[in-house]
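Right after this note come the structures.
Shared between the two complexes below is chain A, which has chain B as its partner in the first and chain C in the second.
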Partner chain A sequence: MAPILQIKDLQIDVKMDEEVLNVVKNINLEIGKREIYGIVGESGSGKSLTSLAIMGLLASPPLQVSKGEIFFEEDKDLLKLSSRELRKIRGNKISMIFQEPMSALDPLFTIEDQLMESLKFHTKLSKKEMKRACVKIIEKVGIPRPEQIMKEYPHQLSGGMRQRIMIAIAMLCNPKLLIADEPTTALDVTIQAQILDLMKELRDDFETSILMITHDLGVIAETCQRVAVMYAGEIVEETDVVSLFHRPKHPYTKGLLKSMVGDRSDALYSIPGKVPSVEQMPKGCRFVTRCPEAMDICEKVSPDDLEVADNHRCKCWLYQKEMANHV
Partner chain B sequence: MFAYILRRLLMLIPVLFGISVFIFLIMKMIPGDVVSTILGTEATDEARSQLEKQFGLNLPIYQQYLQWMGGVLTGDFGVSLRTGKPILGDIISRFGLTLELTLLSAFISWIIAIPLGIVAALKRNTSTDFGVRIISLLGVSVPNFALATLLLLVLSLAFSYYPPAGYVSLFEEPMKNLQMMVLPAFVLGTAMAGAVMRMTRSSILEVLRQDFIRTIRAKGASERIVIFNHALKNAMIPILTIIGMQIGTLLGGTVIIEQIFSLPGLGQMVLTAINQRDYPVVQGAVLFIATVFVLINLFVDVLYSYLDPRITYK
Partner chain C sequence: MSETLLKVEALEKFFPVKAGIFKRTKGYVKAVNDVSFEVKAKETLSLVGESGCGKSTLGRSILRILEPTGGKVLFNDKNILDYSKQDLRKMRRDMQLVFQDPYSSLNPRMTVRELVSEPLYTHFSISKMEADQRVDEILEKVGLPLEHSKRYPHQFSGGQRQRISIARALVLKPKLVVADEPVSALDVSIQAQILKLLVDLQEEFDLTYLFISHDLNVVKHISDRVGVMYLGKIMELADTEALYEEPLHPYTKALLSAVPTSDPLVKKERIILKGDVPSPTDPPSGCPFHQRCPLAEEKCQNVLPEFVQVRPKHWVACHLVEQ
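For the complex of A and B:
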């Protein structure tokens, strides 16, 4: 089946004073119809930047897409569209929800205003029809008494409610792709589960593909079919969710899995060190400074993105057969 | 909300009481008195005491205060010791001019400051932004009297233009009145604009950094909608605060500008009255100005809650 979104060789740079530094590199991924695709990684791994690049919402300058293609519905390269054409897609065929429901809604407008706004941008419905659509979508995201909620302001709602409203706004125009950037990070655990269930339900009802961006492997396990693990601006491993949890290849992925809270009683593992800053990016493999299995070659040359098993890509020298040739 | 406004109005009472006592005492403490300004230093003691008796200045000071206050509370601000004319009527007619000047200045200030502030924010750290910041710095730092005198000089010497003399009110001859007002309003307006411009710039920048702006863009909004429907409205509260204070201050009269353009406004009235030690006029005018200032502040506070639903008063 044709993918709904296909990212090819995406590269994002940041322009600092006179210098151009790379923040995201070699991003390749495909999201199928009705698929929930996860991107997991620490803060600073470039997962949010990747999602903003899809939306055309990178803060530019200083950020810019310097290379690559993002195909939406096969033919359209989002990076080549005019800002006007992109606006027609944004909030309509591709919509996005964000991490902080507390600050993601305009505090000076009612929920109704903020829902209606989307419809005004993308539809030619009458006011009455718009209102009906808003009531329907609010019910759909599981909020009782929609008429009353619509008259309220964001500060009168709880965090969970606001995130539901954000989802309602995102789903209003029946998008083909929903990008969820850490949708549950700011919520407490019970609300998290509800929101994730809601998203899965909406995926089934609206046939929407979801790009789930998170640092939480639990969220990935619960929702996604395919996962990309990002580290320091690169995808280091990409596979289906079962293989990722049971047969991880990349040392970083293994580290991440080890640092999950499990039922073991011993101290929680954590990967030593932190993500290198853009100025101090290693020349070879970007994970070399923290990798327990680092070799000489890792410091010098960046490994290729290889198919190490069926539908399983990994970017690590451990799996590179030609290793001998390089040395 | 209604209860809140009522409470704020009630709070006016202690404020005005404090101000009235303060201004009364200050007027008593400054050297010189109305009797010697009228009669001169050569006057006989007899003439002096007669005039003092006539003005009630021979009474103990607390009685003088009570007498004056009693009058004010019944709506009688007394008469000017120099002209014998009722004070309240005089204040109100001069306030008309001051109000017109203030509103005109504020209008000029906004149409300069808010668009320029937005442009500077959107083009921050470019030459446009730099230019706007220089203009705003000039607006804030060039003294009113200098700009006013320069304007008059340039207009008269280079363009042989003289604003009409002899004040007429807006209702008598609107065109002539506006011709007289436009220059002083421009001078005051540019001074106000400097501060408003800076506040607009920084406030818009602050709002544009917030998460909800990204949400609105993600909905597919054009930049025009992002800026005018959302960013400007959110940026309005600090701008309003500055504007409210500026208007409150201007409504108290602008002595220098009124002098330069010979406009009979409140400021001129108070200044003359102080020089002549015309106690009841000064006291009455100050009370009036204080009331207006407090009311403007109240109005701005009410406006806040209208703009921002998170601000409620109970």
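For the complex of A and C:
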């Protein structure tokens, strides 16, 4: 089946006064139809930048896409579209929801105004039809009394309700791809469970693919089929969700899984050190400073992104050496 | 382990809601409503709950950072609510607080050494040399390199800043530490580092923790006992194992079932709660949880359930749990 979105060799740089620093590198991924694809990583790993690049929303300058292609529905390279063409796709075929629903909604407009805005731009419906579509979508996201809610302002709603409204706005035009950037991070667990449930339901009803960006491996385990683990701007491992949790390959993924506090072993595990800053990126593998299994070569040369098992990619010298020995 | 360090009795913190041009009190937000529990010396008691359940207000009321409106807080058998300001200040040496946000709780104009020595100068008349020595000691204990003591907070990452906050609290050698969401603002791999540090320090300094968190996974790891709060009340309190293995209150069950799994192959039986937490200005009659409770009966709508011991060391406030 043809993928909805295909990212090839994406690289994002930040231009400082004199020098150009690399923040995201070698991103390759494919999102299939009706798939929920997860990107997991700590803060500063470049997961949000990647999603902004897809939407053409990178703050440029200083950020810029310096390499790569992003194909949407097979043939359109999003990076080559004019801003006018991009506006037609954004909010229509690809839409996005953000972490903090309060700052993403305009406090001066009613919920109705904010829902209608995207319909006015993307469709030629009459006012009556638009209103009917809004009521329908609000019901769909599980909010009672839609007519009344539409007259209210964002501050009158709770966090969970606001996130539902965000999702309603994103789903209005029946998008092919929904990018969800930490959609439940600001919410309580019981509300998080409601929202994740809703997203799965919408995926089934609207046949939308979802790109789920999160730092929470629990959210990944709950919702995703495929996962990419990002560290310091690179994808270090990419596979289906079951393999990732049961047969992780990369030392970073292993560490992340072990430091997931909770049901696992009793002793608390933590990855020593912290993510290197952009200015001090190691020359070889970017994880080398914190890796328990680091070797000499890791410091010097960056490993390739290799297929280490069926549908399982990993960027680590441990497996490349194995490969070399086999040959 | 049997000595009681802190005893909270029927503690209340009501915030008045004022309205109209004369700012007349129209009602109260019952942020903490008739809460009682005990913390034993050297144990870790955790309070969990969703945002707005009053867990932070409770923590602050115990330290009298917010003045409680009713009840008693007994620390070493003395009611600290009767204390004068001077006495209270002396008392605070023994009770310290670690805040959630290491970005806003540290003065950006002070170096690490100034930050950590400040409480020493406030509480003791101490020479600079002595203070420096104690700061060095505690920095080493929390894992901050000494050469960083001349730096300012903005030069540190979130995890490092939280270490500074912890050093600030522990430099006084307190008995009780109230930790209000100390790891919520941190990344997963850093969270584990800080939790481990807290556990190590507890052993070394014989600390007692009152740990406040919304994250059930974090709490499970470090607590001896856990209390679950909802709308200003404790709904269930039990040993950690009992609470996680055999939760009795429907709210605890729902809360536990909502925690995401750490294994995609395990499909949890999930209780999805309807709606949001009701506003504490206008709490429901009867059991505060009855509107969202999947098992609510008629009695729950009218009668407030009492917080009773139903099993050894296991308290619940629910009509449906049999003694």
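Here, the second predicted complex is superposed on the first by the 316 of 327 C-alpha atoms of A that agree within 3 Å, B and C clash if a C-alpha of one lies under 4 Å from a C-alpha of the other, contacts with A are read in each partner's own complex, and residues count from 1 in each chain.
The rule is short, and it goes like this: a residue touches a chain if its C-beta (ideal position, glycine included) is under 8 Å from a C-beta of that chain, and two chains touch if they have at least 3 such contacts.
Just so it is clear, the structure is predicted and the values come from calculations on it, not from any experiment.
A.B. asks: Give one word, clash or fit, describing how chain B and chain C relate on chain A after superposing.
C.D. replies: fit
A.B. asks: Applying the document's definition of touch, where does A:L256 land relative to chain B and chain C: first, second, both, or neither?
C.D. replies: Second partner only, chain C.
A.B. asks: Using the superposition on chain A described above, determine whether A:G32 touches chain B (first), chain C (second), both, or neither.
C.D. replies: Neither partner.
A.B. asks: When the two structures are laid over each other on chain A, which of chain B and chain C touches more residues of chain A?
C.D. replies: C
A.B. asks: Based on the superposed arrangement, let me know which partner A:Y153 touches: chain B (first), chain C (second), both, or neither?
C.D. replies: first
A.B. asks: Considering only touches as defined above, state whether A:P62 meets chain B (first), chain C (second), both or neither.
C.D. replies: So A:P62 meets neither chain B nor chain C here.
A.B. asks: Taking the superposition as given, does A:S118 touch the first partner, chain B, the second, chain C, both, or neither?
C.D. replies: In the superposed model, A:S118 contacts chain B only, not chain C.
A.B. asks: Mind working out whether A:P282 is in touch with chain B, chain C, both or neither, as first, second, both or neither?
C.D. replies: neither
A.B. asks: Rounded to the nearest angstrom, what is the minimum C-alpha distance from chain B to chain C in the superposition?
C.D. replies: 5
A.B. asks: Quick check: in the complex, which residue numbers of chain A touch chain B?
C.D. replies: Residues in contact with chain B: 55, 57, 87-92, 95-96, 98, 100, 103-109, 117-118, 121-122, 153, 155, 166, 169.
A.B. asks: For a test of understanding, state which residues of chain A touch chain C in their complex under the given definition.
C.D. replies: Residues 42-43, 158-161, 188-194, 196-197, 215-222, 224, 241-242, 245-246, 255-257, 259-264, 268-272, 274 of chain A touch chain C in their complex.
A.B. asks: Name, in rising order, each residue of chain C that touches chain A in their complex.
C.D. replies: Per the touch definition, chain C meets chain A at residues 50-51, 157, 159, 187-193, 195-196, 199, 214-218, 220-221, 254-255, 257-265, 270, 272-273, 276-277.
A.B. asks: Considering the complex alone, what residue numbers of chain B touch chain A?
C.D. replies: The contact residues of chain B facing chain A are 210-212, 214-222, 230, 233-234, 307-310.
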